[in-house]
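In what follows, chain A forms one complex with chain B and a second complex with chain C.
Moving on to the complex of A and B:
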């Protein structure tokens, strides 16, 4: 039975055998002799400073969809992150449609009486009202924790209301309390799309032989898509970007494509498997087109599958041009020590990119670990060096301690994730910002140019380090950065 | 400082006769001269029916839903013998969260300071069945009720529910929660019934407060929408309830029970099943079997 037959998708921790949120060690040390990974699936922190609710990445994707209303069924506070997400939504629409559009979102704002009596009736009213007032093509009905706890049945409500409204209703189960892995959100959304927005598998599919589904991610700006389109054009291919900022029609187009290719393996397997099984669209999920070798490998995978031998010519021309253009930056980068912190795959792939620019990797923090990371970890292990590697769902205290010890020359962190490094006086740059290019050959150049500028004048972070301070006691810095990580089973056995 | 209000929670498996017992205790306490309030903590909202001529009263949660806030006179109704009646209410079957409903309703009563304002002597919470979630434990935690009495028959499922309740009481006993006053043994007619509940009380280190026989008087009274105290004040059954009420009114020292583990409970029930089978098949005389 496919997972899509279930109303609610399984959690990442149930779907993958190897998942981990807490690890402190090295990239090479994470591999157990003769086995795949030494990371403890049950690793816990004795002290946790923060974590990431799956609603955050989930809403990031859902709010980007054009002509779509997001109806959050839960407490009103569950939608607070959308105020932050909205900046990205506006910029994304501006880049794609020439005009900024706000995320169209609503909340049933469940109160105490709703919790006791059930929120079904309120949800039904909200759906009908949104349909009448805003006429979206799709209404995503997102269940946050509260309906999950009290047992509100959003699927039944959607099924009952569907005949009375014009919009397609998309029930999404994103109860944050159920999973510790925010990556579950990707599965949850693909699950809802797969169940509700794709054509029936028995419809005759007219294959578009030159159309490739490119699974984009929320951290990928339009500028990165343009780079992929540019490379595809050289190969005579068209990209169907999907699902972030995708119109409902590109959902059905996805079933007609010749091939699907992932840009972030931890993101897409759930849906790619479904497209292949139900609609005969084969897929590639191996590399992330970030970095020179990675981009070339990503293109080679694609060309091999589609039998496009001209790819080698394209790769050698692109690489030659890029390497020549990078020359002016490389002397400044040589042997500078860099620290990276981001989502699992992005952090590892960007480490490979920075190595190509001549940086030394001082350490990497990945927000989580699952088996998809192994491909990228292997690339780093193969280089003959070893690096400090920390798997942490945020945890700034651990980061502060680690950075004090590692003392990198440069820090690349997540959007909103550079404060700790900045206050320690380390020059920082965002590891993703949807206004900047990162992907493909162009992305390598753009990133190198920005890093060069950053490192040419570090006065800002120098002063921030001099006058800024972090809230931790000196005694914390005397301890090991990973002092709080331990196996849950071992802790219970004590 | 106002006088100490005696707050009592009556728990037991659904259908075991909790509401009947509670209403009769309330009516008996009123007859003995106490100012009593009975709070029904069950979404069915029928705890106080026999105190109100067989009618339903508007619940705390219905009123809260309709008006956004509640006042005392909207939720407190006077029943037979002057017993104050309140129904917490709850969601329709199959939706929402009844446990949260009880938390909210009890909070409302506390915030309105109704016990103090009405100069209540004794409050009886009549609480639905098993302690299935935190909401149903509200009357026994946070120092709301001081004493818990459980209504049980000799049916094993009712005893399982009582044992679960004891586990709940034990859990909260160290943090100022209610303690167990004892067992009200209901529908006790057959000799072995009494032996079973006696044995259960001994095993869990508690006491039987009263044995209440099954009686047609109760059925007759209920069909009239009345308590036995009101409908048949001179009956033997009314006398039983009056004695029970007297004991509850005078009760002061509750204890932490010692619930059986799941395995112990199964073994215990198994040994009783064997004994009952021997009585049934005539292998032993009823008197000797127990």
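Moving on to the complex of A and C:
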């Protein structure tokens, strides 16, 4: 039985054998057994700060879909992040369709009465009203924490209401408390798409031999997609970017593609295996095209699978042109110490990129760990050096402690994740934001150009560091940064 | 998809379209994050913190701010095991470690939906610490219990019950001010400080609880204040009643005083309540008015030549909709013919709001405004009739032009469809950066006039 036959997809922690959410040590040390030195599947913290649940990345994808209404079934606050995400939704539409569109979303705003008597009836009415009034092609019905506790069943409601409405209904489970891995969000959305929006597998598929599915759950902006299109054109290929900003009616194209390729392995395996099993679309999920060597490796994987020997000519020409263009930036970067913090794959791949630019890696923080990371970790281990590595679902207290000790020259953090470094006076740059280029050869150049600009005038963070405050006691900085990481089972046994 | 100006839509009944507020926890967290040297401790599911952080950064005027804000706030991040076995142990551990690691003068526990549905006894956990002399307090703020405004009120009530000391010595020059919910009012910092300056003109110190210049020691001693001023017809009124009951301090409620006309009324009302002589108040009004109009005089020629007077649609919450519309009508002589209040208000609260406002605008242009309540955005289309449309098939058409839409970022589509100018002042504010800007007082009125006029001269 395929996972897609289940109404609710399995959680990341149940699906992957090697996962970890709390680790403090080094990249090389992560393989060695011993207390807090090796990755522990049951690692947790005795103190935690604000984190991210599956709803946040989930909404980022869902709100990007054109002609789609997102109906949040939960408390009225669960959709609040969309007021922030909306800026990216507008920019993404503008870049692809020439006009900004606001995300269209709704909330069933469950109240005290609903919590006692159940919200299924309210949800059913809400779906029918939105279908009649707004006529979207798709209504995504998203469950946040409350339905998962009070026993509302969005799958049954959706199945029951479906015959009465025109929109396709997509039940999506983002009950935050149910998984410790926000990356489960990618699985649940792919799960809902796979179950509801793809054609029946027995339909005859007319294969598009030059079409490649390029999976993008939001880690690439349009500017990065354009870079991939440019490289694909050189190879005579067409990219079908999927699923962010993809039109519902175009989803079936994914089933006709010659190949699927991931741009961030931690996101996509769930769906790629489904496309292969049900529709015969083979896939590649290994490298992320961030950095010179990584981009070339990503292209080589693709070319090998498609038998495109001309790729070597393309790679050597691209690399030579890029390396020449980078020269003017390199003197400023030489031996500067950089600290990175982001999602698992991006943090590690970007570290490789920054090494190529002549930076020294002062430390890396990754939001989680799973076995996909090993490919990227091996690249870093192979360099003969070792680096401080912290696996943390954000947890800025560990970051503050580390940064005070490490004192890097530059910090690259996830969006909304540069505050700690900035307040310490460290120049910061966003390691991922859909408005800027990061991917491919052009991405390397764009990032280098931006870092050069950043380091050319650091007055803003210099002055912030003089006056900025962080909310930690001085005594915390005297402690070891990973003092609160422990094994859950060992803690229970004590 | 239906655009805002296609056929009018009947309102949704079972869902809210893009609600312009968050839940109780979101509102409470914005408030606690704005308290001086205070550490919020969130007892909630694992995503609430990032949800509110993304909201504040992206639509709160681009500023998270706060001493311990964003993802730095401690939280229990409840998982399925706690949902089954209870989360109070996790909270106890979290609190103990938060006190060890986080440098705060007050630790403020807030609850989300998860612990409240599973029935965690948070009071008991917090009491353990409070009895031990630790500065730990708690407000119940589950999302299903209410919205941002309710959460803000819950935080005020907790402050008044658990932080404000009973029997503090009287301070005759001290006045407490609230009614401006942080983040929900994106200009909260500037608005509070603008009011503090007005009180200073009257000879009083303001304790305004939130943001730069607020002081935890002053908050603790605030029971000694002479008067409480609630800058709202609705938000913070229940808390003011509680303050009176607990600490015996009276309160008055006034609207946000945007601009000169509202500020004159504010100074007269507050002056009378504080027993400042009428003569002294009039002297202040005269001097400040002269100073104010030195600036506005300079604008007169351009204001006239460019036909700056406009019809206006004003969209905002109970504080902003009327404060902004009345500024436009009474200070700039605009015609705010349509006012949309975006709160999810009970019939009783709507009545209170309309009654208070009617008394203020009796005999003035503002009396003519049509007021609609649009807790979900679809309602607005019913009120925007043909006279607002830019194009008309009629040869002689009494068009409401030129027009301006003053509302939130979400109202850009409406303004564009009407061919009207647009200014964002109400949450969500995603297309402006807001630091210390505020619209209260005389100076705030100048700032708002600048913003209004800048909105339609950007292409010059």
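In this text, the second predicted complex is superposed on the first by the 489 of 494 C-alpha atoms of A that agree within 3 Å, B and C clash if a C-alpha of one lies under 4 Å from a C-alpha of the other, contacts with A are read in each partner's own complex, and residues count from 1 in each chain.
Here is the rule we use: a contact is a pair of C-beta atoms (placed from the backbone, for glycine too) under 8 Å apart; a residue touches a chain by one contact, two chains touch by 3 or more.
No experiment lies behind these values; they were computed from the predicted model shown.
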Fit or clash - chain C, chain B, common chain A: fit
Contacts of A:297 with chain B and chain C, given as first, second, both or neither: neither
Contacts of A:237 with chain B and chain C, given as first, second, both or neither: neither
Chain B versus chain C as contact partner of A:81, first or second or both or neither: second
Which of chain B and chain C A:471 touches, first, second, both or neither: second
Which of chain B and chain C A:152 touches, first, second, both or neither: first
Superposition-derived comparison: chain B or chain C, residues of chain A touched: C
Partner chain(s) touched by A:120 [first = chain B, second = chain C, both, neither]: first
First (chain B), second (chain C), both or neither touched by A:112: both
Contacts of A:53 with chain B and chain C, given as first, second, both or neither: second
Distance in angstrom between the closest Cα atoms of chain C and chain B, superposition on A: 6
Chain B and chain C contact sites that coincide on chain A, given as residue numbers: 112, 114-115, 149-150
Chain B to chain A touching residues, read off their complex: 61, 64-65, 90-92, 95-98, 100-101, 104
In the complex with chain B, residue positions of chain A that touch it: 112-120, 149-152
Parts of chain C lying in touch with chain A, wherever the complex brings them together: 1-2, 9-10, 12-19, 21-26, 39, 42, 45-59, 64, 67-68, 70-80, 82-83, 93-94, 97-98, 100-104, 112-114, 117-118, 142-145, 147-148, 344, 378, 409-410, 413, 427-428, 430
Residue ranges of chain A in contact with chain C within the complex: 46-56, 67, 71, 74-87, 102, 104-112, 114-115, 122-123, 125-126, 129-130, 133-136, 145-146, 149-150, 176-178, 180, 182, 393-394, 396-397, 416-417, 419-420, 469-476, 484
